[in-house]
Amino acid sequence: MSDVRHRLSELRREFHRHPEPGWREFRTTGRIVSELERIGVDEIAIGRDALETDARMAVPDPEELDPWLNRAREAGVRPDVLEKTADGHTGVVAVLERGEGPRVGLRVDMDGISMRESADPDHRPTAEGFRSEHDGYMHACGHDGHIAIGLGTLEAIKNSEFTGTFVVFFQPAEEISGGGKAMAEGGYLDGVDYLFAAHLGLDNPTGTVVAGIEKPLAMAHLTVTFEGASAHAGKAPNEGANAMQAAATAIQNAYAIPRHSDGMTRVNVGRIEGGTASNVIAEEITLEGEVRGETTALMEYTRTELERVLYAAAEMHDCDVTPRVISESPRVDSDPALRDLVGAVARGLNGVDSVVESVEFGVSEDVTYLMERVQEDGGLASYLLVGTDHPTNHHTPTFDIDDESLEIGVSVLSDAVLECSRRRP
Amino acid sequence: MSDVRHRLSELRREFHRHPEPGWREFRTTGRIVSELERIGVDEIAIGRDALETDARMAVPDPEELDPWLNRAREAGVRPDVLEKTADGHTGVVAVLERGEGPRVGLRVDMDGISMRESADPDHRPTAEGFRSEHDGYMHACGHDGHIAIGLGTLEAIKNSEFTGTFVVFFQPAEEISGGGKAMAEGGYLDGVDYLFAAHLGLDNPTGTVVAGIEKPLAMAHLTVTFEGASAHAGKAPNEGANAMQAAATAIQNAYAIPRHSDGMTRVNVGRIEGGTASNVIAEEITLEGEVRGETTALMEYTRTELERVLYAAAEMHDCDVTPRVISESPRVDSDPALRDLVGAVARGLNGVDSVVESVEFGVSEDVTYLMERVQEDGGLASYLLVGTDHPTNHHTPTFDIDDESLEIGVSVLSDAVLECSRRRP
Amino acid sequence: MSDVRHRLSELRREFHRHPEPGWREFRTTGRIVSELERIGVDEIAIGRDALETDARMAVPDPEELDPWLNRAREAGVRPDVLEKTADGHTGVVAVLERGEGPRVGLRVDMDGISMRESADPDHRPTAEGFRSEHDGYMHACGHDGHIAIGLGTLEAIKNSEFTGTFVVFFQPAEEISGGGKAMAEGGYLDGVDYLFAAHLGLDNPTGTVVAGIEKPLAMAHLTVTFEGASAHAGKAPNEGANAMQAAATAIQNAYAIPRHSDGMTRVNVGRIEGGTASNVIAEEITLEGEVRGETTALMEYTRTELERVLYAAAEMHDCDVTPRVISESPRVDSDPALRDLVGAVARGLNGVDSVVESVEFGVSEDVTYLMERVQEDGGLASYLLVGTDHPTNHHTPTFDIDDESLEIGVSVLSDAVLECSRRRP
Amino acid sequence: MSDVRHRLSELRREFHRHPEPGWREFRTTGRIVSELERIGVDEIAIGRDALETDARMAVPDPEELDPWLNRAREAGVRPDVLEKTADGHTGVVAVLERGEGPRVGLRVDMDGISMRESADPDHRPTAEGFRSEHDGYMHACGHDGHIAIGLGTLEAIKNSEFTGTFVVFFQPAEEISGGGKAMAEGGYLDGVDYLFAAHLGLDNPTGTVVAGIEKPLAMAHLTVTFEGASAHAGKAPNEGANAMQAAATAIQNAYAIPRHSDGMTRVNVGRIEGGTASNVIAEEITLEGEVRGETTALMEYTRTELERVLYAAAEMHDCDVTPRVISESPRVDSDPALRDLVGAVARGLNGVDSVVESVEFGVSEDVTYLMERVQEDGGLASYLLVGTDHPTNHHTPTFDIDDESLEIGVSVLSDAVLECSRRRP
């Protein structure tokens, strides 16, 4: 098989056809392992060898995991890969040892989302035959391209004059903020001097590079279950403990949590379900919600306030409530020094016509767990954006990327990694 | 001065000109005492001699009491009366000892309300010169007539063949449910075998008598103060503890307290006030509210639920809350046996053209404290209605009564009292 | 096959084994038709011949109906019955013509509920082998017994000296208040002089008969869908129209609809579901709720208030809302004259040791549509209760009835029907 | 009388003794006019000559204005001044014509607030005998010092080599955002090339100068009255239209207005009052609230959302609602060019030890109406801060300023004005 660099588009399209949601990237992990073996690296840590099991978040129940495992098995993924990734342990880390020099990391996310891809003939994946084959799931955020870029960068570094250690983290479950912390604590991040991560698009066209984002939002996802007591709504409403009223009171007051003087906060209740019938006082209601903040402290302020609202709403209606934090991520900004390095590298590159120093990110990303750890240990981290023409917004059924941008991604990242080895830490 | 029976209208109009609100009936008490002395009774217990001080409810602050005391002094009320009624001790009990026989009680309420009486020339008190002289206060519920009837009945019993003991309770502060309990526990009710009370009107025309009401609502009035912390609403809303949000949450959930399978309940928040300025997070909000129930237990259910709502709403917004029960009254029904006696007596009377056995009362009255105590001790009680043509509803600025009904009231009550002495307990 | 009277228990247990929910009583209808043919009646109107199609309420979607139709077909129900009952047209009317005399009706309900029957060996249906064979569904309200009694009564009347016309209405979908109106308007109720209906149990033990209930609650079931606009909850919450907030506001204010001076009202939101993910402003939320009233007017007051709450809550959050009334039933009381007839008949019966004139029903029943129509046309109607020892409450997994009560039911009803023909209208 | 420059402290202390709230600065205006006449200027426009009457906001009712007018008359304010300032027309504009050159403006605010000044002997105004003589009102924000600085600057410019026109706007009613717009449209601002305004303190110590603030919040104050219908809360709650419930629903949803992606917003309900008694459904409730935004558009978004909430809450409870905007102010930033000029001037000054280029203001100020108009006409504006040691926060009973800072204020402003005439527009 030819070099990755000649197969970037082909590889991305293959991954595009097989999107797998968070913690279910069994086939994806298997395919990455194959490519890593083909490229030739010094160490491959698969699944539970690459992650800290106890630090995983938002892991689905076995009944949601197993069908994907079975599908991957049927698709020919190797038993040893399946074994190491089973029970919510997808992901892989590749290490290239090249003598003395800095330890440089690259984090690549790999999961798809649950969305039915457009079958419109004008949608390029449909027209050109690489539409999702996993009905109801889609690579609608560009992670298929990220994987291709990650593999291409690894290959490029292997073939370069790079000295030091290069570690690529293929991280699962970014979309549900579930995998970042587990990978940050998996051991391979220890001692990393420079950490890169990249995202395609985000409203930047092909040819633009943003050297490092800042102000991602700190975030926490929660599920909340109110438990009361049912009763006949006609005969004896007073005998119930109405979880519906508790939930409604909580929702109203959650959105009314005071704005904070230190900056932006967000709160949302995005899902609700509960109760059994119109003539029964609802016994159980479950909510899914989230809080965010411009800083980790602001997110935590909002979470604390939300919890007080939840407990008081439950008490008001004689119910119990159990709020559970499913996943979270801190706010961490790119280091200016590393942004400068990326900017300098990007400016000289073929195909790059605009280099932006920094943008405010405005959403959340659990790469911040990795960035935070690196920075705490004295390293530098930058999360850069590689422009790509995308016809519609991320997370829409007609999202697509421009395959031309994949090569730019490889160039920027591999040159930046190489530059790190020149500078030494 | 002539007999009360020839001055019923004149007396009622004099009281109408001088309405005094609850616990401030200094002049009213003084005038009743004068009439009692003129009639001649065996014992007159004034103010603190007639009441259990600790059982009073809804007593206003001294600064609200004192202007009325001063006005009464200037109007010539005797110092000994003022001394005994000061500090919220208005009211008087008269006792007529007539040998062997049952102890029969009559309860009469005597307070006005805070409402500006109509100055419309079509309003009879205005046309005929007996409009309220206490601006902003009015006898808009007929208690002026009740006092005249009470005095007339006492005089009639004195001049009758009645044997036994007849006690008339001129009770203060009925409108604010403040005086009933204090009079019930004042000592003079002990041993009462038969207790009567009467109300004029309530949509019954002159000539109708209702022998005894049932289903008054049990009731409790509360004031509730939420205390939080102020903060600048623009600069740092998060630094406040918003009593406004706590109050709004409490109000919404108070009205949503579950209906009860055992019968009718009511809840209301009728007054609110608080906060300082639009740009300040409100530190303190005060509510006035009430709960009612078809039974005392249902009222207590609603009060307990309300208190849970209040405490949880405060906690939700990091505030404190202090709910205070200002006054209350239980549900007590008229005894069928005594209703029958009243009905039998009323049927034979001149001027009575319709006798109704019983009606559902639907509102609250603190005479129930007296009725409850009498019934607990084995006595009988009935609260009857004496019809009177009233042009508009009770508690409206153009309320008035038909003076013809006063004589009917005296006849029904005195004949009923007399009949009790014939039957013996 | 022997007479129904000797097979009451056996029949009831057969129906118990095959519970079918509202509008899906295909097998039940088929079995009733077989029995009717065996008994021999003058007319059998099946499904769409017995119902007014446009007056049906709460009819499930085809995908919910069809599995039950298929199961009934596999169980051997005749094609002509299936054809006439398809698409939500279950139920059957039997007519016995016996010359001159009054037209007497008996309404029998026949549906089960969605509840998993207890597998506890102490639960008699389990112990004696007649537990539900339709997993997740159960005759937990006694309708299985009602069918047996209905068939038994028909047979008894056929073999009696009854003259006139006797019509038995096997009505579908009582539990979801869906079938009453359609059967009331199906034609066979026209001209009915006397209408009976009966319910087993309801806390009355075997041997007790209640001659006619009063005060069933008028009721309406609704589904309500709020539709807003989704948006990213972190990036641009202001771009959404939050159906979650609209629903919470509606729920809070629904429970706070003012109590009514004319009597008891109820409101409940018993089910809720909507939204897609914690980081998305919810676009659509669906509620299931109900309103009830002591009278039809009180129910309609509450429904009108609820609708105003719903529309205003939607408008407040820039959403649309569609409230749909799924089913409803009016309040109709038993006629005292017919209650007296039932009472007189019951008093003389073997096995009846207590006859109660009337009880307040306190819940809802769509037989009121049939009763209302009969009364409007000048006829009389009574809904009686036939006591049965039941170990646990109706609508619980361990509900069961005492088979002894079936014969009592047949005796009371057939004697009452016979008595009607003696009295003539 | 000696020059202002030698009386800065004395003047400020005189104004401190006589604080007057917005639109009631009759004595203050009179005293300023006297000083202007003493200094000698070319034109003095008093009250209605200086303001656009129709553009005034938050003007109190006559019964709130008149006592202050009478007090000023008794204090000896000249009849012509009183006539021109009556009916909410306080304020004065002074014009100095000095030949060719730019038109330079200085805006000075002059009102106090309603707060009782501390009588603590440690509070310097108390200790040194210049505590407020208007009980319940206080110069707790430093406007007393602003007036002294404004007069001192005018005198300094008169005695300088300044050429051009210098206009000083003594603006009323800043604290209630009522006077800015009226003065912006009063005519004297037309053609202004450079506009200055200054505020003492705001956490900057004596010796610090901030050359120009940015990001004041756009703001609107509202009063909102809900009108429903009263009813007896026990007898017939359904007959009311509950303004209390409407207000509670509105408050809950007001605080829950979605955060906006474009930046910071604020909403607050700071005052509430209404209803008559605990047993009456509330007929009328009045709220006082405000909305703010980081930009004028964000404030308007919040106001529009708030109004939708208000109207829907009223409709939900069958009430009417009237939201009234009492006052507002846009967001306008200082011009960097003028900030630079101020910074350059300040750096050279005696007593200035720290010059800050700019700070984010974070609150609201209606000087923005004047700045906006100047900028729209092509002029430059800067709002600077003159540090002063203040023992406690602005708007607290123990607020005080350091009189040393008054001279610094005069120096910075007069040098900046002079520098403008050197640069020419």
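Should a chain be cited, it is by its letter among A, B, C and D, assigned in written order, with residues numbered from 1 in that chain.
As a working rule, a contact is a pair of C-beta atoms (placed from the backbone, for glycine too) under 8 Å apart; a residue touches a chain by one contact, two chains touch by 3 or more.
What you see is a predicted model, and the numbers here were worked out from it, not measured in a lab.
The chain with its Cα centre farthest from the Cα centre of chain A is B. When the C-beta pairs in contact are tallied for A-C and for A-B, the bigger tally goes to A-C.
Here the C-alpha atoms of chain B line up with those of chain C after a rotation of 180°, rounded in steps of 5. Centroids built from CA atoms put chain C at 49 Å from chain B. For the pair chain A and chain C, the distance between mean C-alpha positions equals 52 Å. Centroid to centroid, with C-alpha atoms defining each point, chain A and chain B lie 70 Å apart. Shown for chain C are the residues in touch with two or more other chains, namely 235, 237, 242, 245, 249, 252-253, 255-256, 258-259, 261, 266, 281, 362.
Put simply, chain A touches chain D in their complex at residues 252-253, 255-256, 258-259, 261, 264-266, 362.
Residues 217, 219, 221-222, 232-235, 237, 242, 244-245, 247-249, 251-252, 255, 266, 268-282, 285, 288-290, 292, 362-364 of chain B are the ones that touch chain D when the two sit in their complex.
Chain D meets chain C in the complex at residues 235-240, 242, 245, 249, 252-253, 256, 258-261, 281, 301, 308-309, 311-313, 315-318.
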